[in-house]
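Each of the two complexes below includes chain A, the first together with chain B, the second together with chain C.
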Partner chain A sequence: MTAVQLGLPTRLVDITVDGETVRVPEGSTILDACTAEGKSIPTLCYGDTLTPVNACRVCMVEVEGSRTLVPSCSRKVESGMVIRTDSERATHSRKLVLELLGSSVDLSTTPKIAGWIAEYGAKPERFGEPAQPASEGELDARRAGHHHSTDGSFAATMHQPPKIDNDLYVRDLGKCILCYKCVDACGTQWQNSFAIAVAGRGFDARISTEFSVPLTDSACVYCGNCVEVCPTGALTPKLEHDLRAEGRLDESKQTQTTTICSYCGVGCSLTLHVQDNQIFKVTSPHDSSVTHGNLCIKGRFGFQHVQNFAPNDQAKSPAD
Partner chain B sequence: MDLHFLDASPSAEERAAVDGLLGAPETGWEGGERTASDWHLAEGGHESRSRRHRLLPALHAVNDRLGWISQGALNYICQRLTVPPAEAYGVASFYALFSFKPTPKRVVHVCTDIVCKAAGSDAVRAGLSKGLGPEGAGSGKVTWHESPCLGLCERAPAALVIEAGDPQRQQVVAPVTARSILDAADMPIQELASEPPVAAAVPQAGDPQLKLLRRVGVGDPTSLADYRSRGGYQALRQAVRLGPAGVIREVLDSKLVGRGGAAFPTGRKWDAVARQPVQTRYVVCNADESEPGTFKDRVIMEGDPFSLIEAMTIAGYATGCRQGFVYLRGEYPRALARLQNAIDQAREHGLLGPDVMRFGFGFDIEIRRGAGAYICGEETAIFGSIEGFRGEPRTKPPFPVEKGLFGKPTLVNNVETLVNVLPILTEGGPAFASVGTGTSTGTKLFCLSGAVQRPGIYELPFGATLRDLIELAGTFEDRPLRAVLLGGAAGSFVRADELDIPLTFEGTREAGSTLGSGVVVAIDDLTDLGAMLVRIAGFFRDESCGQCVPCRVGTVRQEEALTRITAGRPKGSLKQDVLLLREVGQAMRDASICGLGQTAWNAVESAIDRLGVFEEAKSS
Partner chain C sequence: MKRKRTEPYTRLTQPMVRDGGQLRPASWEEALDRAAEGFRRNVGAHGPDAFGMLSCARATNEMNYVAQKFARVVIGTNNVDSCNRTCHAPSVAGLAAAFDSGGGTSSYEEVENTDVIVMWGSNAREAHPIFFQHVLKGVHNGAKLFVVDPRRTVSAAWGDRWLPLRVGTDIPLASAVAREIIHSGLANRAFIEKATERYEAFAAAVEPWTLEAAEKETGVPVDLIRELAHAYATADRAQLVWTLGITEHHVGTENVMALINLALLTGHVGRYGSGLSPMRGQNNVQGGGDMGAIPNRLPGFQDIKSADVRQKFEQAWGVSIRPEYGLTLTQMCEAMDNGQLKTIYAIGENPMQSEPDTIHMFKRLSNLDHFVVQDIFLTKTAQLADVVLPAAASWCETDGTFVNSERRVQRVRKAIEPPQGARDDIDIMCEIARRLDRDWNYQSSEQVWDEVRSLAPVLAGISYPRLEELGGIQWPCYTEDTLEPPYLHSRLWEDDPDKRGRLAPFQVTPHRPPADELSADFPIRLTTGRRLDSYNTGVQSGGFASPLRYSECIDVSPEDAVELGVEEEELVRISSRRASIVAPIRIDTGLRAGLAFMSYHDPDLVDTNALTIEATCPIAGTAEYKATAICVEKLTLDERAEHQAAFDVGIVLTANAR
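Our next item is the complex of A and B:
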C-alpha cells in the first residue's frame, strides 16, 4: 500500500453491503469498503496509483436511491448508504460491459478477465463475427462524428496491427480498452511528459500522439510508466511482445527478483521479470514509497548491461 | 512545462490567424522572434498554463481561415498557449468541424438527421455525391459532409455551407437541393441563398399572448433601443429592487424547472450557487442546442438576443457571478452574429461591464463557439470544452453548483430556462406559477417539425395536450399521422392515438414518455420508421464521447443490430436480436456516465414497445 499521511482519526460510518451492516472509514470508496468486506468486484480502469476515471464501468454497483448504477471505484461511501454488489442490474451491467469489450478489443492478455467472463456468463461472440482488422493507420485517420455504416453482419472492432515504432515498447491498440491510465501516468499524475492523449471521439476514440506521429517524434521519454499501468497488455515491453509473438513466453519458467536500481541515488525498487536467465521486463512495486510503480528509462529499460556476459559465461549465473 | 513540439512551422497565414485572436507573441518562448532577452527569461507556471481555455477559439481561428489545421499551426497554437501538442490534438480531433488534412475552402454540411431525412436529404446526398464525389473528397473547390441535426428543422432539408477565409463565411441553405449547391459552386457564398426572417419560424409571431416569443418577429433584434422600447431591461431593474435573495425567492416561487431536458428546479440551482463560500463563480448559458429536432434556442437568440443577455445578467446578479459564458453550438451563424451584436451594444451602453447600469455590480459575457459535438451540451462536458479540454462529461458528484467551470461554483442554464426569468421578475413568481399546472409552470416552447403544415416554434402554456399543439400546426389530410417523436433522439415515440397526453413534465412522464427539450416530430405513414431508428442509433454512435464502455461500444452494437433487423436479416431470429437490443439498452441506461448513453436506447425502445415496429418481437 502507498504510504499515507497520518491525519486525524477517521470517523467510521455505517453502510449496508448486500444486506449486512458494516462500519467503514468515512471517505473510503465503495470499492475499498466492499473489498474489505470480502466482496470481489471486478475492475479494469481502476489503478491503485492513479485517480479513478471510472470509464470502464465494470465495477458498477447498485446504490439505493440512485437512478443509475454507481461506479464503486470512485464513489465515496456516505453514512446510511445501502449498496448491492450482486443485484440483477449490477451483474447485468457487468456482463454486458465484458461482452461489449470482448467483442471490440482483444482481451487475450488481460489478466483475470477470462475468469470474470466465465463468472458472469458473458458471450462476446453474440454480437456477430468480428469485422476484418483495420489496415495500418486506418483507425487513426477517422473523423469525429462520421462513420461509414455497415450492414450489421459483422461486429465493428478496434483490431489493427500493433504499432512498433521504437525498440523499447509496443503499442497494440487492438487491445486497448481506453481506460485512460496511460494518459494519466504520462500526464500530470506522474510523468508530466504529455506524449499521449485520447484523440478522436466515440468508438473511434484512441490513445494517440499529436497527429498520430510515431513515438520517436513525440514527447515520449520512454519511462514506460504507461506500460506499468496498462491493464490489458496493449502496452508491452518489446522483449515481452517478441517472446509472446514467437510463442516462447512461458509463465512456468519465469521468476521475479526484487532489487534496487543502481543507476542513481534515488534508490528505486525494481522487480526483474526473468525467463531463461534473461530479463524481459522490469516493473516496480506499486506500494514502493519511492517509486509508486514509476521508473525512468534507465530503470525500466536499461538492464542489458547486467546480462552482457561473454557467450561462454552463459551457463554460469552472473553471481557466480 | 517543458513541451516538445513537432518539427513543423506555421505558415504566415496560420500565424496571422492565431495572432489575430491572441495578439502578437511577446517572447520567443511563445513562438515569436527569439531575442537576446529571451535567454534571460523562462516562461511557464500557472500564468502560462492559465491560457489553455483559449485553445478552442484558437483552433477555430486557424480552421476558419485555412479550412484545416496543419501540424505547424497546431504547434504554434500550443506554443502560444502552453498546451502539450498531444493534448491539443486530442481536443481538436474531438470536434466534427475541424479537419486535419487540406480541404476545399467551401464545405457543405448536409443535415441527414431524422427530420431532414424524412424531408428528402437522401436525394441531396446522392446529388452531391454525384456532383462532387464521395463525402469529404479532397479536391476541387467544394466538398461536402453529412451532418447531424443543424437545428433548421422547420425548413428541412437543410445544409450549412462554411467557406474558409478571412473572414470565414457561413451560409444556411434551407430547404436545400443538390442542384442549388452545385450550380452555385463558383458564386460568392452569400448568393447561395437568402435566409428568411426569424418570424418565419414562429407561426404565432405577433400573438399578444406570447411571453417568451413576444418580441420575436415583432421588434428589431439588432437594436438595443428597440429592445428597451419593448420592455427590455425592466426585469433587471426589478431584480435590483428585489436584491439577490429576492430574485432567487421569486425564481423559487415561480417553480420554474430547467428546459434543457432534465427539468431540475431552477431556483434551487440558483440558491445553491449563491450559497457557495467560494467567491469566483460563473454563469454558463447552455446554447449548444443539438438535440435532433430542436431549434427553439436558435429562434430566441436570432429573434430576441437581448433578452438572453438581460436574463444572464440577472442570473449573475442573483448568484454573485461576474463572468458569464454563452456556449453556442458552432452551426448557428446568425445566432452568433446577433448575440455578438447584442453583447457589444449592451457593453457600449453600460449594460454589461464593471458597473452594470450603475447599479454597483459587474457582469460580462463571452461567447464560446462549439465545433460540432452534441455531447458538449451535457452540463459538465460544456466545462471541459470551455476550459480547453475534451468535451467529456464529468462524474457527479461534485455537482456544477459546487465545482463547475474552472473548478468553481457554476450556474448552468439552458437558453429557454434563462429567458423565463424575465416574465418571472416582471410578473412576480407566484403570478408566473399560476400559469400551467401545479408542477409544470409557465409556458413552454415546442419545436414542431415533420409532417405538419406549419412547422416552427410554438409557445403554449403547460397543460395543453399534444393534440392541441399538432392541431395548431395543422396536419395534412391525405397523410395520416402515424406517430410522434417527443423529446428528440433522446426522447420517445408515442402513437397517433395517444395525442391526449398533456404536454407537461409530469404528464409525459406518466405516459412513459418525456418532454425533453420540447421536440415534437410528426411522422406520417410515408416515413420509413426503420430508417429513422437506424439514423437515431447512428447519431448516438457519432456523438458518444467515447469515455465509458456501455455508451462507446453499446451505441455501435445498437446501430448494427437495428441495421440487420431493418434489412430483414436479424442475427438468429428477430426475437433474439430484439433481446440483444434490450440487453445492450439496459446496460447503457444503467451504467453510462452521462445522459447521452443513458438515453441512447429510449427512442428505439419506445418504437419497439409502443409503436410495435418489429411487431412479432413486441414485449418479448
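Our next item is the complex of A and C:
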C-alpha cells in the first residue's frame, strides 16, 4: 500500500500564454500556469497558503474575450484560453498600481518591489511630494467622513509612526497595502482568533484591532501568523525591527536553517533566521504538512532562552 | 491579573563541581573525571542497578539512543527513563496492550477529514495550538466536535458540545457511552467479531453504567452522554484525541484503555479518518520512547524480554543485556527512598520541579551519593547536583531528529553555535564513557542514526538523505523505497486471519475515584495544566517576554470567590495534605464551584507541585497531577502584606511542608 494519496486524475488543458501554446492541469490558476512556464508576474496579496483575495491588482493579465483585465492569482485556466501577460494594457495597469501604492505607502521593506517599479517604469513621485506623516493615533481616530481631499499639492499617504506596544512584533501601518492577508491568517483560514479586521472606508481603511486598542488589550494571541504572511514588512518581529532601526540588519551575514520546535509534541518546522549567531526571526515552511506556515507564540517567539546570558557572561556568546 | 515578568534563566557556560557543599566552577577535565569517578565508585560498590539515567525528552533521538546505550552498555542496567513517565506513559502502555504499538494511530491531516472529533481531557487550543488548527479545519469542514473536560476551556468553547465531567470520572463516562452504544444496537458487530477479543467481559463490566448512574457520578447530563455515544457510533469516521486529562491520574492507563474500548466497539481504528491520537507533551517524548530510553524497551520499541531482540542488540553492542525491565522514573524515586539507587545521571530534565510532591523530591535528590546533571541552565535540579555539565541546546545547536505525535521523524538542524563552554550531549556522554573504559566515538548524528536504523526495523527506511528529500517520514518505514499509510493497524480489517495478526483485546476498567479524596478540610478539587504562552517548569518559556503572561495564580470559579470572600489578584493560602503555598486569585468563569485550576510554569515563585499527590498509576507509573484535594483560605491583612511584598519583587517562596 502506498501513503501517497493520488486523488482523482487531473485533465490537462491547452492554453496560450503570450503566443505560445502550453498544456497545464485543469484547475490551475493563470498564475500557476505562467509560473510553471517560467513567466514572472508580480504579486503582493497572493499567498500560497491563503485563498486569493484579489486586493492588490498587480498580477492582472489580459485574457482574450474578457472585457476587464483578470487577476491571475485567482482566475482558473480554461481550455483554449488566450492569455497575455505583457500586453500594453496589462503592463500599464501594473505600472499605475505600483505608482498608487508607492505614492501612499512606504515600500522600502517590500521584497522585489524596487525591481518591478524599474521594470514597469512606475513613477510614484508624479503625484507630488508625500504628505507629512500623521501623528500617533491620528489615522486610527478617523471616522467615516473625516477624510478630506487634498488640494493636489502633495500626495496623501498612510505614513505614521510604527505601533510598538509589545515585545514580540511591531505594526508599521505606514507600510500596509491593505492586502488582507493578515486578516485572513488571523481569521477562519488559519488561526481563528479574529483579533484584527479592516476598519474604516476608502483611504481611511486600515487594519485594526477592535476599537483600535493596543494589541495587549486585544484578542491577539501572538502566534505571529499575520507576520508570516505580510508581504511588505508592515508586520515585523520586534528583534528584526530593532536591528533594522539600528542599521545593523545585514542580509549578507544571515542564514536560514529549518529545524523542529522545542516545545510541545506537535513537531512544527521552524526556520531560524540568524545573524551574528543570534536568532532574530522565526518563520515556518509553507509546504510543511504539520504547520502550513503557521506557528504558536512559543514556536515563533519562544527562542530567546538559548541566547540569554548572565550579565558577566556575555563574552561566552559566540556572537562576540 | 497583573502581567508578569520574571528574570529568565541564563545559559550555563562552565562546568561545576560540588566541594564542601558548594558548587564551584571547574574545568571540563575535572568535571568529567569527577562525573565518571562517581559512577564507577557507586556501580563498583553497589552494582549497576544503583545507577539511574534520566534521559531527555527534549533532546534528539540520537542523544536518547546514546543515553540508553550508556545505561545498558557502559553501566549495565536498564534503569533509564525520562519525563515521558510524567505525561503519556499510560498512553503508550494502553495502546501497546491493545495494538502492540505505543504510537498514536492517526495523522493530523485525518482530523481535517473526519466526521466526529472527540477531545477528551485535552485543551489543545492552548497546549497544542497547531494541532488545534487541524481540528478547526475539520470543524470548518463540517465535523462535529465534542469536548470532554471539567473546565470550559478555550478548546471547549469551539465544541458543538461540552461534556463537563467531574475530575477523575472518565471511566464511568466512557463506560456509559459504551453501554449506550451497545444497548442502542450501534456497536460494530462485524469489527468486534473479526478484530477483537474479550468483548463479552467488557460488555458485562459496563452494564451497571446506565446513563443515569453516569450522570450521578460524572455530573454530565444524560442527554449529552447519549448524544456523544450516538454521534461517535454512527459516524463514518471519528477521531478520539486525548492529552494529560486522561493520563495524569492514578488510573491513567485504565483511562486510556477505556477510550480504546470505545474505538474497538465502533471500529473507529485502522481506517483513514478514524483513530486514536494522544497528543504528546514534549517535542521528542515520542522519540525518546522509540529510542529505548525507557526501562522496558530497546530501540525501535522492541521488548527487552524477547530473547531474539536481545541477541540482536548484544551482537551489535558486544555486551550482554539484562533480560528484566529496569526501573521507571517512579520506581527510581522509590529506590532513592530506600537507598538502593545511589547515583543519577540526569540530562535535560528538571525533576525537582516537574515531579509531584516537591518537598519529598528534594529530600531524595539531596540524599544521592553522586548526582550528575547535564543541562543548558542551572535549574533547581542542577543546583542539587555534585557535577553540572553545560550542554548545547538540542533543537537549534545540534543535528539530529525528533519524532512528533503523528510518528513523523523530522530533521533537527544546527542553526547557531552553542555558547563557548557548552558541549554537545553526545560528546559529553562519549567523554564519560571513555573514562569508564568504553572507547566511544561518534563522528556525526547521522552515524548514530544509521546505527539506530540497523537495529530498529520500524525505522530502517528513514535515512537522512530521504528525510532531506521528503521533509519528514512517519514510522513504521521498513525499507528505503517504501512508505506506509498515514494511519496504523489497517491489518485489523484484513479478512485473512494471518494478516490480521493479534486480535485487539477489550479491557475491563473498573472505576477508582481520585486518590486524594475531598473532605470537609480539603473541599476543593484542584486540577493542573498548561497555559498558551508557557511551558512546563518555565525554564525555557520564561526566557521570552510574553505579553500574555500573568503571575502564576489559582483560578477559581466566581461562586467560590464569593464563598471565600476573595477578589481577583488577592493573595490566598492554598493547602493540600502535603503542603501549603500562597498565590493570587484569578476568577475564571470556565470553572464550576468546587473546581480550581493552576499551571506550574513558575515554580520558583509558586510551587504548584508542592501540592500535588504522588499517587501513581500502577501500570505506567504516572502521578495523579490532575486531582488534588485542596482548601483555599483568605490571608490576614498582615500575612497579605508580607507575601505581597515578596510577590512584588519575585522572591522565591518555598513551600511549607505540612
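Going forward, the second predicted complex is superposed on the first by the 301 of 320 C-alpha atoms of A that agree within 3 Å, B and C clash if a C-alpha of one lies under 4 Å from a C-alpha of the other, contacts with A are read in each partner's own complex, and residues count from 1 in each chain.
Assume a residue touches a chain if its C-beta (ideal position, glycine included) is under 8 Å from a C-beta of that chain, and two chains touch if they have at least 3 such contacts.
Note that the structure is a prediction, hence the values are computed from the model and not measured.
Enquirer: Have a look at where A:74 lands relative to chain B and chain C in the superposition and call it first, second, both or neither.
Expert: In the superposition, A:74 contacts chain B only.
Enquirer: Touching A:306 in the superposition: chain B (first), chain C (second), both, neither?
Expert: Second partner only, chain C.
Enquirer: Of the partners chain B and chain C, which touch A:288 in the superposed model: first, second, both, neither?
Expert: So A:288 only meets chain C here.
Enquirer: Under the stated touch criterion, which partner chain does A:185 make contact with: chain B (first), chain C (second), both, or neither?
Expert: Neither partner.
Enquirer: Which partner does A:259 contact after superposing on A: first (chain B), second (chain C), both, neither?
Expert: Touch status of A:259: second partner only.
Enquirer: Which partner does A:194 contact after superposing on A: first (chain B), second (chain C), both, neither?
Expert: Touch partner of A:194: chain B, not chain C.
Enquirer: So, does A:41 touch the first partner chain B, the second partner chain C, both, or neither?
Expert: Once the two structures are laid over each other on A, A:41 reaches no partner at all.
Enquirer: Need the overlap of the two footprints on chain A, from chain B and from chain C, as residue ranges.
Expert: On chain A, the residues that contact chain B in one structure and chain C in the other are 192.
Enquirer: Can you list the chain A residues touching chain B in their complex?
Expert: Interface residues on chain A, with respect to chain B: 53-58, 60, 68-69, 71, 74, 89, 92-93, 96-97, 100-101, 103-104, 126-128, 143-147, 149-153, 155-156, 177-178, 187, 192-205, 208-211, 213, 217-219.
Enquirer: Using the touch definition from the top, list the residues of chain A that touch chain C in their complex.
Expert: Result: residues 1-4, 166-168, 188, 190-192, 215-216, 221-223, 255, 257-269, 272, 274, 277-279, 285, 287-292, 294-299, 301-310, 313, 315-318 of chain A touch chain C.
Enquirer: Touching chain A in the complex: which residues of chain C?
Expert: Residues 3, 8-11, 13, 58, 108-109, 127-131, 133, 136, 140, 158, 279-286, 376-377, 393-397, 402-406, 408, 410-421, 471-472, 474, 483-486, 490, 532-533, 535, 539-548.
Enquirer: Which positions of chain B touch chain A when the two form their complex?
Expert: Within the complex, chain B contacts chain A at residues 1-4, 6-7, 71, 74, 84-90, 93-96, 98-100, 135-136, 145-146, 148, 372-373, 390, 395, 534, 538, 541-550, 552-557, 559-564, 567, 569, 571, 580, 583-584, 586-587, 589-593, 598.
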